[in-house]
Structure formats: structure tokens, C-alpha cells
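Per-chain numbering from 1; labels A, B, C, D and E assigned in written order.
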Amino acid sequence: GSSPQAQPAGGTSSADATPSTDSTLVKMLPASIRDKGTLTVAAAVYAPAVMQPSGGGEVTGWDIELTRKAAALLGLKVDFKIIPFDGVIPGLQAARYDAATGEINVTPDRTKVVTFVTNHVSKDAFIVKADSPKASFDKPSDVCGLKIGASLGSSEAATAQSMADECKSSGGASTTVETFQTQAQVNLALSQSRVDAALASGSQAAYTVDQTKGQFKLGKLGFGPEIKTGLALANNADTAQLAKAFQAATNKLIKDGVLAKVLDQLNGGLGAVDKSEIVPAPSS
Amino acid sequence: MATIAHTEHVRDQSDPIVKIVELRKSFGDFEVLKSVNLDVYPGQVVVILGRSGSGKSTMLRCINHLEKPSGGAVLVNGEVVGYRLKGEKLHELRPNEIARQRATTGMVFQSFNLFPHLTVLENLLEAPCRVLRRSPHEVRDEAMKLLTSVGLAEKANVYPSTLSGGQQQRVAIARALVMKPSVMLFDEPTSALDPELVGEVLEVMKELARSGMTMIVVTHEIGFARGVADEVVFMAEGRVAEQGPPSQVIDNPQAEATKTFLRSLNERRDTPVQ
Amino acid sequence: MESAKAKTHPQHTPSNAVSATSALTADQETLARETVPLRHHGRTVAAVFLLLVVANLAHSMVTNQNFQWPTVWHYLFFPEIMAGLGRTLILTVVSMTMAIVLGILLAACRLSGNKVLQAVAGAYLWFFRGTPLLIQLIFLYNLSALYPRLGIGVPFGGPELIGGSTNLVLSLWTVALVGLALHESAYMAEIVRGGLLSVPKHQTEAAAALGMNNVMAFGRIILPQALRVIVPPTGNQVIGMLKYSSLVSVIALPDLLYSAQMIYTQTFETIPLLIVVSFWYLLCTSILTLFQQRIERYYGRGVAGQSTTPGRGRILGLGMPRKRVRTTLSSTTAEEG
Amino acid sequence: MESAKAKTHPQHTPSNAVSATSALTADQETLARETVPLRHHGRTVAAVFLLLVVANLAHSMVTNQNFQWPTVWHYLFFPEIMAGLGRTLILTVVSMTMAIVLGILLAACRLSGNKVLQAVAGAYLWFFRGTPLLIQLIFLYNLSALYPRLGIGVPFGGPELIGGSTNLVLSLWTVALVGLALHESAYMAEIVRGGLLSVPKHQTEAAAALGMNNVMAFGRIILPQALRVIVPPTGNQVIGMLKYSSLVSVIALPDLLYSAQMIYTQTFETIPLLIVVSFWYLLCTSILTLFQQRIERYYGRGVAGQSTTPGRGRILGLGMPRKRVRTTLSSTTAEEG
Amino acid sequence: MATIAHTEHVRDQSDPIVKIVELRKSFGDFEVLKSVNLDVYPGQVVVILGRSGSGKSTMLRCINHLEKPSGGAVLVNGEVVGYRLKGEKLHELRPNEIARQRATTGMVFQSFNLFPHLTVLENLLEAPCRVLRRSPHEVRDEAMKLLTSVGLAEKANVYPSTLSGGQQQRVAIARALVMKPSVMLFDEPTSALDPELVGEVLEVMKELARSGMTMIVVTHEIGFARGVADEVVFMAEGRVAEQGPPSQVIDNPQAEATKTFLRSLNERRDTPVQ
């Protein structure tokens, strides 16, 4: 696969200037948020969606940029909080943050507790060692008999588990899933053959393969759905209104071509969508 | 050994300095003191004898309220220890008031109980400076004089653990004296000591008695009792079994318990030395 | 004798005799009458306040919907939670056993006369007490990144005699057990050492004087007495291990806590699952504590004054049982040795 | 006297007198001559073996490419690592201070005469020692899921007097510091309690007999002596806290370990970064250990036989300095009280 | 008190049972024993006197090799303790061999040193069953006889901590005797005891002496020395300063050190009791 460009060292974002505030969009915001002027957004380090530049400085990554640009249209500043991935959704539940970003997959479990504004689609992919005979996984039975690594709290952990369950029910070789606390530990386990393959989002997988300089290669997943990802909003009285505002802002980013440019620059052009959705869909 | 100078006391009034009235003390169901009555007059040296467990220590500890009596009362300098007479009843004092009362009695323990984290001199300064709030400068002089009088001036700045038992006990006596107590209580002051070290402590006590200090001494040293005591009290079963001058109680005991006790002490000394 | 006293000086009135001599004249009946005890108002207020706080807390726990008690109940005996609990218990028991054995060896090295053994044991303790268990576990798990093969062979690059792939030698469970045991052994070594040193040298001498050799004296006299000192902190370590063994989650071994985490990171029922996990930990530690107390009582046999719950006002009050100094020398001057 | 002995019976030969009487006839010079000491072969072999193992380990650490020493060097003083180290130190110092204060209060409750205070303190210890710190931190962090507002008000649903949103009251640092302190205070309480109980009751009595009140006796006599017992385990707790504070990574406070994890999550240079982290932990714990030893020496002043490094063969050998039993009674019969 | 039956010993040969030859012992630079020579013959009771620190305990502990001599040698039953004579040199024995030698001497300590985790009877059984590998059944009978003879048969199954000091010391004596030692060493066996309890322990020791046991006793009990000892040894500055029958050493001392020592012991007993 095509690897994304490495992030500019120490740079804040893409060369593009931050879009200026759109007053019609601002009017869509709930009063409380508009008055506050700042949005607290949680994100877990998940390259290339969320990256912490080495040596300090502001966080970057394609999902960070998309969030930042959508917020700018709404006249909001964004205060990013970098936390572990398994703390993201609980943090929204506990109202510690207003929103969360970082290639968060939209899953049924998650939509029960938070509201998504989608901005991207991804497809999971496997990472395998460079010398592995397995290079592509075209049908579910190709996965059977493997030890699959995934990171704690990720939707890939759940996906891997369902693959394993399917192998079991279809009588394939037994498949196990090992869940590590961070993607780095998954990769480390893979590099030492403690797991045979690691399941991650396509962009993360591509980034990892690129970063580790020939140690790994990509294992394309030939089955399974495209997964929507997006900005997750904490559920409260203002959520419906805030979601609509962000949906409108994201749609404007799409229309203006900003979204495509950001993904081109930071994610190898993967995963662009033509319209933003709110999940679960608003009742009215 | 220099004279123990500033511990001079009066005997110019006929009121007892320590008065024990119907004192009772139980630990749970076990009645240690059944009924003790005793008057000690200023300047007197009273030696308490009695078998182990007869309640000697308990009685002594009631005098400065280290034990709270179960009944009866102890008066020191005319004040009820641990209580205030209000109307017809004795009201318990607050801990701070009891502490103030304790400062008028000095106590010397079998196991010395010096404060191991303080030097000898600091051991002496602690109470006068903190309890009586006296100026350290002034107390230091007095403390050094006392240390000289117990022959330990040159040990002022060492820690107690470097001293012999006899030296520690002499420091303990000086520590009690620097508070200028009106009565000194000794609980077997020599029985944790090596035989050779007993003499030096008894010598200090004799000197103290000569200076006129009122003393109540629990001891097994019959020689000391005979030579120094004005009064010997023999305790048995929580009461005073016999009381009188040493010539009477030691050399001519009347109570059966006293006789048995003196015989058991005697048994191991087949014949006197030289 | 009286003549010696006659020379006493009459000027000095007892400095602290403050009040009047009225009590001296009070009749004996008054003095022997019942006394009025002191009231401790401050303490009573504090106690009432605390009771209120506790009651309020309990009340809110029952009424607060956010605790999701039905969910707690649903997961309490959930198969994955039970499996996690089982793994936690196995980890605790096996790794503590290994740690105790290793700890005794290390303590022996530290106390041996051999300088080399002392130094090596010292370095071991320094390293394993100086770095977090988390890091040690990650290291051990990833050892094959450093040493792809483990084996015994001729040093400094000589041929290997026996060996195997690191990942085969160090399976997941091996890593977890060995990792926990290595770390814990450093602490156990100090506990064992303290226990052995606490037995008075007198006891060794008494055993030697009776003709016992070193092994006999150690096994029959020193160790049984040292256990009295070793057992209580070891009990604490077992309880600690029960809890810290949850760090094995870093190598993806699903113990009690990690099993719950794997569930709630998918279903987001964080609080109820943490309550479930806390319940099981509290239950296990409580049972262990009871055990510990019984074992301590067993090893405390023959030692006077074993009562572990100190009575009223033991520190600042003065009303506690005293013990005779002299007759208990044998078992207590002890601590000096 | 001699006559009494004459009635002894001549049949019985001393049962253990095995060998001949040859030595009796040996001349005095032989007996006074220098002796040939025993050699300990086993020990020497063990020592040589261990030295070999250590040397081999050191050799492989230097030569093994997998350690990536240049990367280690690159990150050793990296700004984020330094910032993380700073946070770890702040966490350790602040939360230990809070824990010590809380621990003293809890110990006082446990030792007080008041049954309610005793029970509440007991329950507190039971809970905070019975559950993993990790869970406590997650709980506290997510407290707003249970109680969206924290405040002081009339109990059982009465109006709130002062208060605020839980997330405002419990900021990230507050959660970390309070969480660590609450957990640690349960351990400190037991340490303080042990220390206070270790001061012989004799000392309290001696202070009381001199007229000191409770506060004076506590501050000037009991506590300074208790510190001698309290300081060593407290030092261990500080070292422990330094390491276990890394658990705050669960609530995303970038301490030393988490800072490194944030880097390697992105760059995958896991092993070198863990080496960097281990280096700093080892350095800090070593410095703390040195401090601890100095402080222990300070509080040990005035106590005979303080030497903490036991000499050769203290346990099983017999050649150690003995102390007199009688003259040290004051400071040591101590342990009886 | 029943006779201490099976501890009967011979004096039918003129060889000493304990022979101390030019014994020297230093701790670091501090030379405690400079040169001690002493012969003890079977059945003899030897009392060692001397100031604190004069090396009495050290000498006693060299006899059963609890201390390793810096020079010279101790012979018990004709064997060099701790060494084997091979060629012209003394070769150090292995720890196990030394342990075997120690079984031939019994030692009683000032602080009793009973094993607190074993009952009284278990204290007695431990060594004979493990060291001498004798049958527990047989030893139990002997142990009970010994306990009877020291008056403590009914305490067989209690733990030592429940006993008085005097009782503990009597158990300690029985524990040493059940090994059937050829010589008994006592290091101030009564000085940790309350005065009233000293008598009962001395009584047991007297009985033991009467039964013919060879005994070396460090003690301050002059009465015991005078009544029981065959020989009194006075130690000063790491040497034997004076030696002879009690009538000579105690009542008519020659050495200046002996005189000073006896005077210091005497001082506190101003006059004999009754």
C-alpha cells in the first residue's frame, strides 16, 4: 500500500491556513459551547491520525487536523488531551471531555453511550512480519490458526475476537486473540513472533509498516466492511445541537476540498467520504 | 562525691507530705491493693518491703497517679492527686492538671528509663525547661551541679546507652532532682544492676537522704533499709502488714509474712562475708 | 540518723504545692467516696460526625443509580471474570512460593561470609527493587528482542550446550510467574533476613552449646523463631502480590482486573465492572488476612504478650498491663543480639 | 565437703569422651603453636561460578546490538523524559507527604480509646489495602460518573452548602495525588502505629513522672523514638511510591514511564526507551536509598549497636560481638511494653 | 527435691577433665584473655570470681568453643576442643565435629536461653533426640526424672514464657543435664533473677555438686562459693590472679585485686541480716 508522508517535524499542521470562522455555522452551536469558546477533546496517540511530535509541540495527525479545522469554522478553539485509548469513551461518559477524536471507529456498543459525527472510512488491515508467508487474507478461513494481537479497547480487538469465534464455529484451526494495552506493545509482540499478526486500522497499519523500516509488511484484509470513523461527542442535553453543527462544518470541509487535502497530506489519501453523518441518527 | 546541694527540704510542720488514705487498686478482677494507709512526713525516708506481687510498685505508682486508684485517695502536699474536691465529691482532673501535680514528685525506676535519644544533659534539661518553662541557661547550671554531685559531670554530653547501669541510674536520680520535687519515689532502683554497681547508686541515695529529702524507697537492699530508713513498711496481700523503725521490723519482725520474707532473702547468704 | 536530718534547712517551700491544704482536713469518708470521671467532649463530637459521614455514604451508594447494581450482579459470576480470578490466584500462589524460596537463598547469600555472594545478592536486590515491576515484565516478555536464544554454554561466545528459542523457554505464563517471582524475591529476601537477624544470638549459642550443628540449629531453633517475624510481612506481601499481579495485563495475560478491562473497554460498563473486581479483591484479601492472623497466632505460641490488638490508650494513656522486667529476659532481651 | 564427693560412683565413664588422651601428654608448645584454619571449598566454587555469570552478562550487554545503545543515549536527556521524571518526582514527594499526615491521623484513630474512630479507621484500611491502586485511581478518575457534583451539604439529600462539578474538583493532578495519597496512607498508618507501639511504655511513664503532659511526651519523647522505627519502612514506601506512581499513566498523567510510552507508541523503539526509564528509576531509588541510610543513622543516635550491616556469620556463626544484658536494659527491654 | 540421679561421675583418675593451657583471646585489638592456665579435675566444683569485664564469660565460652581462642588450647576429656592434632600442628575441625565435641559439656547461661517456641519437655528432648539420635521414648523418661529432680515435673507441657525466672533457669539446668555432659559450665546463672528466686536455683546447683558433677561456675554469690566450691579462681586482667580453696581466696585474699573486689561486693551489705 501507499505509505503516508511522514509528519513534518515540529510543524503544527499542513501548510494550509486555518479556515476562518463561518458565522452561519457558529449560530448552529449550542449557547453553552459558544460562550465557552473552547472544546476539550480527548485523543489517544494513534499514528497517523494522532501524533505527538517528538521533542514537544502541538499534536498533529489527520484526525487532529480535521477536528481543528471543523472547530475553526465554528469559531472554537480546541484543547487536546492526550490519554490512553481505553480511557477515551469512559472519559466522555464521565464528562471529562466534550469530544474525542483519533480514528475512533463507529461501533454499536459505542453509539449507545456517545454520538458520532463521521468524517472518514477505514478498513482494518493486518500487520505481519516481513518474512511471513501470509501476505493477504481474502476470506475468513485465512485467519484461522493464527495468534492475533490487538490493542485494548479498540474495535479491532472486538473484530479479531469475532474472527476467532467464526473460526471456532466453522471448525477451523483454533485462533486466539491477545489484547495489549497499546499498539506499541502489539507491535513489539509481533516483532518477536509472540503473535502472528496484528489487526489495526488500515492507516495505522500502513504507518507502522513505514515506521519500522522493513521489519513488517501489510496483510490486506479482503473481507469485512468499511468502518466509519469520526468525532465522538459526549452525550448530554446539548449533544444533538452540537452534532448538527459539526456535521455542517465537516460537510463544508468536504465541499471546500480541505478534508481531501488533509487526508492526502497526512494519510496517503486514504478514507475520504463525500458526506458527514450523525450516528446514531438524530430523532428529529 | 559532692553534697547534693539544692535539694533541701522542710520538716517544720507536722502535716504529712504524702498521705495515703484507704487506697484500693484492682486490675480487672484482681485486687492488688486492698486497703493501704500511710503517712510520710517531710524529711522521712520510708523503705517498702514485700514479696514480689505484693503491690509495692502499684502503691508507689498511685502516689504520682501513674496508676489511677480504684478507691481511696493519695494526698501530696495536701492536694488530692488526680482529683479536685468540689462540693462533697472528688472530680477527676484533666490530664494537664495531673501532669502539673506529677511535677512535684520525682520517680526513679528499676529500668532507669533515661530518654535514649537525648544526651545526659538534655535528659536533665527536658522537663524543667518544658514543664516548668524555666530558662535553659539557669537550669543548665543547676543540672551540671547535680551531675557533679552524682559524679558524672564529665558524661554530660554522651548518650545514655554508652553508660553503665549504675551510671544510668545516677543520671536518672539527677534527672528527677532537677525538678526540685518535694518527695522522691524509688522503685527497686538497684535491682537491674550488676552487684558491683549497686554500691555507687546506694551511695547517692544515702547522700540524698542526708540532705533531708523525703524519700519512699521500694528495695530489697536490707542493708540500706537498716542504715538509712526512718521507717520500714512491710506489705503483704495488698495491705501494710507491719510498720516501724528498721530495728523493729527487720530485726524483730512480728507478722508471720515478714518473718518468712526475711528468711527467704537470707537463705542464700549462708554466712556473711569477712 | 535523725540527727543527720536535723541539719535540713527550713526555708524552702515545695515549689509546686499550689493549692490549700483543705483536702488534708477533709474526712476520710469523702476521700473514699466514688469519684466523678472526666468527660471527653471532643472525642464524642468526632465520633458522631464520622458516623454521619459513613451513614451518608452508605445511603448514597444504595440510592445512586449510577452504581448500576443490576449490571454488577450480572457480571459478578460471569465466566470470564471467574477465569480471571482463577488466574490471579494461580499467579499469586505460584509466584509467591517461588519468591519465598528465592528470597531465602538470597538472604542466605547476604548473610554469608562470602564477599562475592554478598555483592551479587546486593546487586540483584538493587536492580529488582529499583525498577518498576511493569518494566521488568515488559523486558522479560520481550527478552527475545535482546537474546533470541536462551541456553547454557561456554561463556564469552563459546558453543551452546543446551538451549532453545527464548519465546519457547519463556512462554506467557513462564514470563508472568518468573517476572513476579524475581521482583518479589528481592522483597522477600529482606524480610527473611530481618527475621533471621531478629532471633537473638543467645538462641544460636544455646543450640550450639547443646551440640547441635549449624543445620539442626537453623532448622529447629532459628527458623521456627524467625518465622514469627517473617510470617506477618510475608502475609502482607501475599496480599500485595494478589493486587500487583494485575500488572501482568501488560503482557496480555488476562487476570481478574484485565478480564474486566477487556469487557468494559468494549461495553463501557466501567463502574459496575470495577465494583465487581473490587468485590473479589476485597473478598480474597479479607480471607487472606484471616488466614494470616491464624498463622501468626500459631507461630506466636510460647511467646508472652502476643495480643496484637492494643488496648485502650496504650500510647498516650498509662493504664496498660506491665510486664516484669527480669523474669522475661530469656525471650525478650532478645532484640539486642 | 570433699567427703560428700567421695560417695561418687566410679563405674561411669564420660559417655562422649571418644578419642585417646594423647593430647593431654602433648607438650605445651605444640598447643600454643599457630593453628591451621579450615578451608571452605564449596563457597569458593559458588563465588567463582557467580562471578563468571555476572561477567558474561556484562559482556553480552555491551556487545549485543539489540540493546541499541545509541538510541538509549539519544533519549536519555530527552525533554519529554525529563519532564516526565519531574512529574514523577512531584507525584512522589507531594503524595507521600499527604500520605504521612493522613497516616498519622489514621494511626491515632486506631490507637484512640474511641470505638467509633477505631472502627472507621479500620474500615478505611481494609478498603484501601484490599483493592489495587489501579482500580482506586480509575474509580476516582471516573467518580463524576457516580457523583456528578461534589460538595458539603446537609446529609440525606439536604441542600448543598458548597460544592462544584466533580471534574472541576478532581482535576487530573488532584486525582493522581489524592489517589496515591489515600492508598499510601493506609500503609503509612500501619507503619506509624507500629512505630508508636515500639516505644516502650516505660518511656511514656518516665515522661509522665517528670510532669510532661500528653502533647509534650508525644512530641519530645515518643515520636522522636518512634521515628527510628518509622523511618526505615517509610523510606521503603517512598521508593515504592516512586515506582508505583507510574500507575497514574492509567489516567493519562505523563509521568516518567508514560512519557516514554508515548514516545515508543509512535516510534516503536520500545526496548531502548525502557532502558532509559529504568536508568532514571534506578538512579532515583539509589539516591533515595543513600538518603534513607543517612536519616536512619540520624534517628538511630543514642542507641547502641546501630550497625545495620551485619558482620560475618552473624546467624550461623558464633563470633559476633555480644552485648551486656543488664546495662542496656533501659533502651531495650523496651520491646516488652 | 529428689536426688539428681544419673549425673554421677568419676574421680578415679588423676587426669584433669578440663585443662586450659596458655589460653589467649583478643577481640580486635582488645586482649581479653592474656594467658589463662587452669586444671579442673573430675568431680570438682570451681567458682570463678572477678570484676565485670575481666574475661570470666569469655574463658567459659572458650571451653565449649563458643569463642575461638586466639592462642593456646582447651582440652576436655583429653581432646583439644576445636582442633585435631595432626603431625606437629593443630588443624581446625569442621563445624560438625566441633558440634559433637560441644555435646560433652553442658552450659547454663545468665539469661536462661530456653527455646521459647518449644514446651519445657520439648526443650529437654530436642538435643538428645537430634544430636545423640537417642529414642524419644527413652529420653522422655529421663527428662521427666530430671524435671522431677528440679521440682518442675508438672510444668513439662507449658511454654517457657509462662515460667518465673527461677523456674526457667532450673529447666535450663535440666536441659543441659539430659545430654549427660561430663562437665557443666554456669555463667552467672542467678544474676538475672529476683532475689527471692535465687535460692531455688542455688539449691539445685548444690544438689548437683553433691551428686559429683564437675562444675565450673561464674557467680557473684559468695555464699555459694564458700559453701560448695572446692576451688575458687579469681580472674583479673585476663589472667588467673589468685586460686585456692574458698577459705583462702575469700576469707584471706592475697592479691590486691581480690581484696578490692571483695570489698566492693561487701559495701552494700552494711551488716548481715539477723
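By our rule, a residue touches a chain if its C-beta (ideal position, glycine included) is under 8 Å from a C-beta of that chain, and two chains touch if they have at least 3 such contacts.
Fair warning: this is a prediction, and the values are worked out from it, not measured in the lab.
Engineer: Which neighbours do subunit B and subunit D have in common?
Structural biologist: Touching subunit B and subunit D alike, sorted by label: C, E.
Engineer: Hopping along touching chains only, can you work out the least number of steps from subunit A to subunit B?
Structural biologist: Each step joins two touching chains, and the minimum needed here is 2.
Engineer: So using the touch definition from the top, which pair is joined by more C-beta contacts, A-C or A-D?
Structural biologist: By the number of C-beta pairs in contact, the winner is A-D.
Engineer: Measuring between mean CA coordinates, which chain is farthest from subunit B?
Structural biologist: Measuring from the centre of subunit B, the most distant chain centre belongs to A.
Engineer: Can you grab the rotation angle between subunit B and subunit E? Superpose on CA, round to the nearest 5°.
Structural biologist: 180
Engineer: Just the number, please: Cα centre separation of subunit D and subunit E in whole Å.
Structural biologist: 43
Engineer: Could you state the distance in Å from the CA-based centre of subunit A to that of subunit E?
Structural biologist: Centre-to-centre distance between subunit A and subunit E: 85 Å.
Engineer: Take the average of all CA coordinates in subunit B, do the same for subunit E, and state the distance between these two points in whole angstrom.
Structural biologist: 37
Engineer: Mind pulling the subunit E residues that touch 2 or more other chains?
Structural biologist: Within subunit E, the residues that touch at least two other chains are 66, 100, 103-104, 111, 191-192, 194.
Engineer: What positions in subunit A touch 2 or more of the other chains?
Structural biologist: 90, 93, 185, 188, 191
Engineer: Using the touch rule from the top of the page, what residues of subunit C touch 2 or more other chains?
Structural biologist: Answer for subunit C, listing residues that touch two or more other chains: 138, 142, 145, 205, 208, 214, 270, 318, 322, 325-326, 328-329, 333.
Engineer: Touching pairs of chains, all of them, please.
Structural biologist: Every pair of chains meeting the touch criterion: A-C, A-D, B-C, B-D, B-E, C-D, C-E, D-E.
Engineer: Please give the residue numbers of subunit A that touch subunit C in the complex, ascending.
Structural biologist: 86, 89-90, 93, 109-110, 112-113, 149, 152-153, 157-158, 178-181, 185, 188-189, 191-194
Engineer: Which stretch or stretches of subunit E touch subunit B in the complex?
Structural biologist: 51-52, 191, 194-196, 198-199, 202, 220-224, 226-227, 250-251, 261-262, 264-274
Engineer: Spell out the part of subunit D that touches subunit A in their complex, as residue ranges.
Structural biologist: 78-80, 141-145, 148, 167, 249-252, 254, 261-268, 270
Engineer: Once bound in the complex, which stretches of subunit D touch subunit C?
Structural biologist: Listed in rising order, the residues are 40, 43, 46-48, 50-52, 54-56, 59-60, 64, 66-67, 111-117, 120, 123, 126-127, 129-135, 138-139, 142, 145-147, 155-156, 196-197, 199, 201, 204-205, 208, 214, 217-218, 222, 239, 243-244, 246, 257, 270-271, 274, 277-278, 281-282, 285-286, 305, 310, 312-318, 320, 322-323, 325, 328-329, 332-337.
Engineer: Where on subunit E does subunit C make contact in their complex?
Structural biologist: 64, 66, 95-96, 99-107, 109, 111-119, 126-127, 130-132, 159-165, 168, 175-176, 179, 192-194, 197
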